[in-house]
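Notes for the one structure printed next.
Labels A, B, C and D are assigned to the chains in the order they are written; within every chain, residues are numbered from 1.
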Amino acid sequence: MTEKQSTGETVLRYFAWLRERTGLSEERLILPADILTVNDLLLWQSRRGHPFDQAFAKPEAIRVAIDHSHAKPAAEIGSAREIAFFPPVTGG
Amino acid sequence: MTEKQSTGETVLRYFAWLRERTGLSEERLILPADILTVNDLLLWQSRRGHPFDQAFAKPEAIRVAIDHSHAKPAAEIGSAREIAFFPPVTGG
Amino acid sequence: MAVRVSEADFDVSEEMARLTGDDTGIGGVSIFVGKVRGEAGAEKLVSMTLEHYPGMTEAELERIEAEAHRRFNLSASLIIHRVGEFKPGDNIVLVITCSPHRGDAFGATAFLMDYLKTCAPFWKKETLVSGTTRWVEARESDDEAAAAWVSIGK
Amino acid sequence: MAVRVSEADFDVSEEMARLTGDDTGIGGVSIFVGKVRGEAGAEKLVSMTLEHYPGMTEAELERIEAEAHRRFNLSASLIIHRVGEFKPGDNIVLVITCSPHRGDAFGATAFLMDYLKTCAPFWKKETLVSGTTRWVEARESDDEAAAAWVSIGK
């Protein structure tokens, strides 16, 4: 654990219907120190109250990227600077 | 057997190195009545003398089309109006 | 190797000419163009909006492209994906791969499209004639197409 | 459905635009362009001549195209094959297939190229830097590629 991680801000980004349901495209905050994995973060979001509780009610429908790379539910947050939430992609 | 077949002329066409080795792109002639299949025809060509004997020395390297459709060695000549001889194709 | 995310349309001939250049080692060029379809299920589409994740999109497309170059013998490749608002018939995506032999080009273009559809952070929102808007849902068949490469390609 | 045998070069964008027209049912366009390579084995190529069998060529291309439409869900298709004398880098063949879904377009274009290479009566003759001319020999791998469709496609 670096000092940067425990004191630094993380940028959270929201895309597609997650952006619409949270009403946010981006926020900067200091994550609670006990959030270690993507799963922890999704659980925390679902307990954050309106509008996050509804947006994150079905975490299995949500994909997460840490610093521009896809991250699985068990992945560790580590010293992530930017974490993004979005539905499964539909480009192409 | 129609009268047309036994009396009519057949056009023989030659492509790629078969055209070069026979020195012919096309000839019209009445085929001997005992040529029934593609195999018969290839054998006849190989016994026709110079330059056909050399051009048709390896019949397995030669493909045949009857009236614009690929024909296997056992295919019957029938009342073919145009028979073509060529090496395996190399387009595309 | 090149990737581009752009609102602008692309010209297939121009992009192909630029990509092949004077490389006479190229024997086959495989191109795929994805277009906006005019129907969404039983309903007619008015428009489609494509949103993406700037920064991650480019990184992900470059990763996918690099993987294609590891798996296939490629002389050159290009991925262009458009973002913004589109009408039925508009171009969405262009993939071009060049190779000495056609098999590698065919394989690489299919591989790139399958991975792009399941990994690149783009999202489509449809506006229907009825006035409804809705986010397109990911198709299971796309996941399966991408997953198939894991077993056969590595 | 269209086939064309021509000495003239083709423009991919133009041909694609003409083929898709205003059909908004098309979601994927798969294109293949075959080009003259500058090397023939270890030797450098000066030019390549393409001979064909007028009459049979068109008939064979139409048969192959009709078979592709039976096997795949296609909205439109085009085959252009050039004949005459060419330099390294020149275009030889263009195949375009359009479909509601990309899988059918990818499959049909690969199918058309595999069959075209083994069934359509074209022959290539190379002129090398050394002055030698030689007829290109058919590749076994092309026969195998075409044969593979018999078992999986029917």
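One rule holds in what follows: contacts are C-beta pairs under 8 Å (C-beta built on N, C-alpha and C of every residue); 3 or more make two chains touch, one makes a residue touch a chain.
Here the structure is a predicted model, which means the values were calculated and not measured.
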- line: Joint neighbours (chain A and chain D) are C
- prompt: Roughly how far is chain B from chain C, going centre to centre by Cα mean, in whole Å?
  reply: 49
Query: How many angstrom between the C-alpha centroids of chain C and chain A?
result: 27
Statement: Here the gap between chain A and chain B, centre to centre from mean Cα coordinates and rounded to Å, is 73
- prompt: Taking each chain's centre as the mean of its CA atoms, how far is chain C from chain D in angstrom?
  reply: 23
Field: Sites on chain B at which at least two other chains make contact
entry: 92
Query: Got the chain D residues that touch at least 2 other chains?
result: 34, 113
- request: Return all touching chain pairs.
  value: A-C, B-D, C-D
Task: Spell out the residues on chain D that touch chain C in their complex, using ranges where they run on.
output: 11-14, 16, 20, 22-39, 88-89, 100, 102-103, 105-106, 109-110, 113, 145
Field: Residue numbers on chain D that touch chain B, as the complex places them
entry: 34, 50-53, 55-56, 59-60, 81, 92-93, 113, 116-125, 135-138, 142
Message: Please output the residues of chain A touching chain C within their complex, sorted ascending.
response: 13, 15-17, 65, 68-70, 84, 86-92
